[in-house]
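Alright, structures below, take your time with them.
The following pair of complexes shares a single chain, subunit A, combined with subunit B in the former and subunit C in the latter.
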Partner chain A sequence: MEDKIRRIMSAVFGVPMESIDGLTSHQTLEQWDSLSHMKLVTALEEEFGVVFSDSEILELLSYPLVLLILSEKTGTPRR
Partner chain B sequence: MERFISENYRPDHILCSRDYFQWLFRISSSADRAPVMCAWEGDELTAILGCLNLTMQWGSHHQDVPAVGLTHWMSSKRAPIGVGWILARKALSCCDLAITLNSSKLGSPFFRSLGWSFRESIPRYLCILDRQRCDILASSTEGRTLDRLVFSPPHSTQNPELIDFANYAPRWELYPQMLFSIKRSSEYLQWRYLEHPVFTYHLLVSGEGHRPAVCVYRIEQAYGIGEGSVGRIVEFFHPDDENGRIEGSMLLYFVLKRLRVVGCAFAEFYCTSEAFGQTILALGGGVEPPGHYVLPSRLTPIQSIRHDINLTFSLPKGLPMPTEAGLYVTRSDIDGDQPVRHMQV
Partner chain C sequence: MNAPTYAEILSRNRELEQTVSGDPYRIAVVGNATTNLIKEILEYSLRSHGIAAEVQIGNYDNIVQDSYNFRNANAIVVFWELFNLLDGFQGSAPLLPTNDLEGLIAKTEAEIDLVLRNLSIRPLVLFNLFTADIFTYAYPGDLLLDKVASRLNAFAEGRAGRTVRFVDLRRIFMGLGIRNCLDLRQFYSSKSVYKVDFFRAYADHVLPFFLAANGRSRKVLILDCDNTLWKGIIGEDGFDGIEMNPTTADGAVFAEVQRIALSLGKDGVLLGLCSKNNPGDIDEVFGSHPDMQLRAEDLVIKKVGWSNKVSSLKEISQQLNIGLESIVFVDDSQFEVEMVRQQLPEILTLQVPTTISAFPGLLRDHLPCFLTLENTTEDRQKTAMYKQQETRQHLRNEFSSLEDYLASLEQRLTIFVNVDSTSARLAQMCQKTNQFNLTTKRYLEADVRRFLGQSDKLIFAFSLMDRLGDSGITGLSILSLDEALCQADIDVFLMSCRVIGRNVEYAFMDHLLSALQSRQIKKVTARYIATPKNEMARTFFDSCGFSVLTETPSTKEYLLVLECYHPRQLSYIEVVRGG
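Showing the complex of A and B:
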């Protein structure tokens, strides 16, 4: 799951996969704006077959949070 | 709401006018709700998205399609990331078909990313009524282009027989050029033009009640680097047959003559339908070439750069893609023809 998420974030934000880590967030990544946030959410929903609630959309603001919320939604343990 | 718009945009933004707000969203003065999606953080309003309930024809004259017109998508600087899009998603949960005009540089990429259909610009038809007055307004070097757009009707053009709007009852199967459009019912025209709280629109109907030609226009006073008046034609349609085209041509000729008499420098008509635009061409006008600035479109004050009106719409499964020949969208759809500012500030 982590690799998938990092691959998606790399594609959405146009940054190397290796640079996506525990510090990656909308505050540290300049490319993380409203539009790319929407693209990220859409890509995650499509890849994992989930639909995020409004509150989850507003919380998906960092790589760790994405990982946490997706793990809970899919019942997949984080690796 | 007024404070949110005033603080985040301008205090004289037209949506700060209570009369205009009530008219646009069709609510009474005593209403405590409006079809505007709002996002709150505590007791602070952070984003809004207006939703106009529309009745459309979409591929069929026999079945109306409910749609939502998205308007005034605004957010404060403090709005959390993602909130604007949440509002758009909620708006779409009400109706599958959504349409919007003039989406911003921020909004357009959103809609494109959602897979919506996008048109960069609606064609703008121009007809020069007073060449000298246009030179005052234009301050451009498009002299040759202006010469080619001068109102020059055929000698045989006659005046139309105008009829009362009360007799307006079109059989829409006679208007295939409007197969994909907001339904121009009498109720819609009444609200959109005759009840407008700011602009004075002139609504003319000619021919027969069940197959009329229609033209709606207003006169705008331009100021800034030059001064003058401009005729904004916001509706023009007629039945798609020989008699309908003749009726439409007579009506448009009548309107252009009237605009010239009252001193308008030029007339414009934004419309996706080439069928109706052709009538302007036959009377001497033309279409503004893509990417070129010929005459100002923003007049209060005059801005000497080109401003396109873009069109975006969602296309849910089960509904057909609109055909070029059947799509009818004009400047006045949704909020495309709105006052620039609230004059009572």
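Showing the complex of A and C:
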């Protein structure tokens, strides 16, 4: 799941997958503006077959939060 | 093949950006709603067809302002949403006092008028029709919002210039189901209403417009005969045993297929046959079968015999001078279909469905690939002209030398200089001509009009008449002059494939250069820019006596000192000036 998320984030933000890590957030990544945030939500929902609630959309603001929220939604235990 | 997901589109689009070359095709999407997801989807869609698309999204709710911007855009897409005519209009419309509502409609109409006027100089404008369906679809009947949408649409349709195409979003809603189109989670915060699925479907829906604008529409429909134009096999069932009578169940299917083909022919698509049969049997059916809708005169080419279909289709492409990627082929045999798909993948090959009632629908599903943006007089006459060309090829076999043949055609070249009324056709040739095109500059009508106003540009065009008919405007050259330096440059030199092989390019060049000489021009520069399709023009300037200045695999630069030019003075082409 981690790799899949990082691959999606790499596609959305146009940065190498390796650069997505625990520190990646809308504050540290210049490309992560409100428009690409919508793209990220769209891509994650499609790839994982989930629908985020309004509040979840507002919370998906860093790679660790994306991982946390998606793990909860898909019932995947986190390592 | 599954449609790519949005994330896949994003990555592949980045890859294609690096690999698809050619002139950029710029699309600006303007609107009063958030449509940003469409950017990469549209780019990906066009780039996968080899078009170097660049999509820009206009400023939010800036349709009027944006209609003045994007001056270099090849196409404009307008997402004008009813709900944002006024913030929250979808809720407030029924509550507005009549005066206020009428005032808002009047203001919107004035804006539509202005926008359509500003955009009328753009080569292609896709204007989405207004619809209230997003908010009214559950209601059985029209609500006020629906009526507002109808009024604005009627107004817009009355003001549209000839480059405007209206896009009915309801077609997309229908295809996907409206609930699958909408996502209102970000509507109240950021005026975003559509799901990514909607934008993907939208891009698919409008793709034929962009393909047409880039000269990629299919131009030829080649049909098999047995079990494709009629039920049964002429060689086995005989003249009276084949079925295409519209009053019988099976016959009605084939009668409709023939009518679909005829309608395409009427719109300028070239029709032809490719069938393994005895030619005499087929001629008899086309000549005298009472149930036939298609007749011999509707066809521009016939390959009936026993050679394999791959080679027949290649011959068709060569004889019509039309690339394989412009051909659609329909056949019932799995064997033939597989072979053509495998060996000539550029051809769109359709197999007659085993459930024949689905056959007309299959053809209708593929009608968009024939879509063109212009219906010029030349298009309408094309079928007649290609038929003449066929006759010419027949004639050619009878003459011992090409010169004799060309002389027998009694060709008359009419040359037009800086003629305004042909600018639509001239731009169309810039867009469409691939083979005999020295520089493949894809100028638009606006460019041509601009050149006409410039004293340092000269636009030569020709039409060719011979004893079999008139080709219409089929040749173009655009020259840039530097009269101070006594120099000219051949920016464009092209000729439609219809007039290739008749040496008119030399007569045209003679005329061009003598016109330059009379303007005291001493030197002419020119170049050949290679594309995957213009190999046939590679040595043209050489054969006119131009000297090569520099040469790379993709470009040859030339210079001609005019006093060293030896005109061909072809005795068999009469040259006259047109008005």
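Observations, loosely collected:
What we mean here is this: the second predicted complex is superposed on the first by the 78 of 79 C-alpha atoms of A that agree within 3 Å, B and C clash if a C-alpha of one lies under 4 Å from a C-alpha of the other, contacts with A are read in each partner's own complex, and residues count from 1 in each chain.
Just so it is clear, contacts are C-beta pairs under 8 Å (C-beta built on N, C-alpha and C of every residue); 3 or more make two chains touch, one makes a residue touch a chain.
Here the structure is a predicted model, which means the values were calculated and not measured.
In the superposition on chain A, A:H26 makes contact with subunit B only, while subunit C stays out of contact range.
Once chain A of one complex is fitted onto chain A of the other, the partner contacts of A:M1 are absent, as it touches neither subunit B nor subunit C.
In the superposition on chain A, contact is made by A:L35 with both subunit B and subunit C. After overlaying the two complexes on the shared chain, residue contacts for A:E47 are found with subunit C alone; subunit B is out of touch. Contacts of A:L68 after superposition on the shared chain: neither subunit B nor subunit C is touched.
By the document's definition of touching, of the two partners only subunit B reaches A:L60; subunit C does not. In the superposed model, A:V15 makes contact with neither subunit B nor subunit C.
Residues 34-35, 38-39, 42, 54, 57 of subunit A lie at the contact with subunit B in one complex and at the contact with subunit C in the other.
Per the touch definition, subunit C reaches subunit A in the complex via residues 5-8, 10-11, 14, 34, 36-37, 185-186, 190, 192, 196. Residue ranges of subunit A in contact with subunit C, taken from their complex: 7-8, 10-12, 14, 34-35, 38-39, 42-43, 46-47, 54, 57.
The touching residues of subunit A, when paired with subunit B in their complex, are 26, 32-35, 37-39, 41-42, 54, 57-58, 60-61. Residues of subunit B touching subunit A in their complex: 80-86, 106, 109-110, 113-114.
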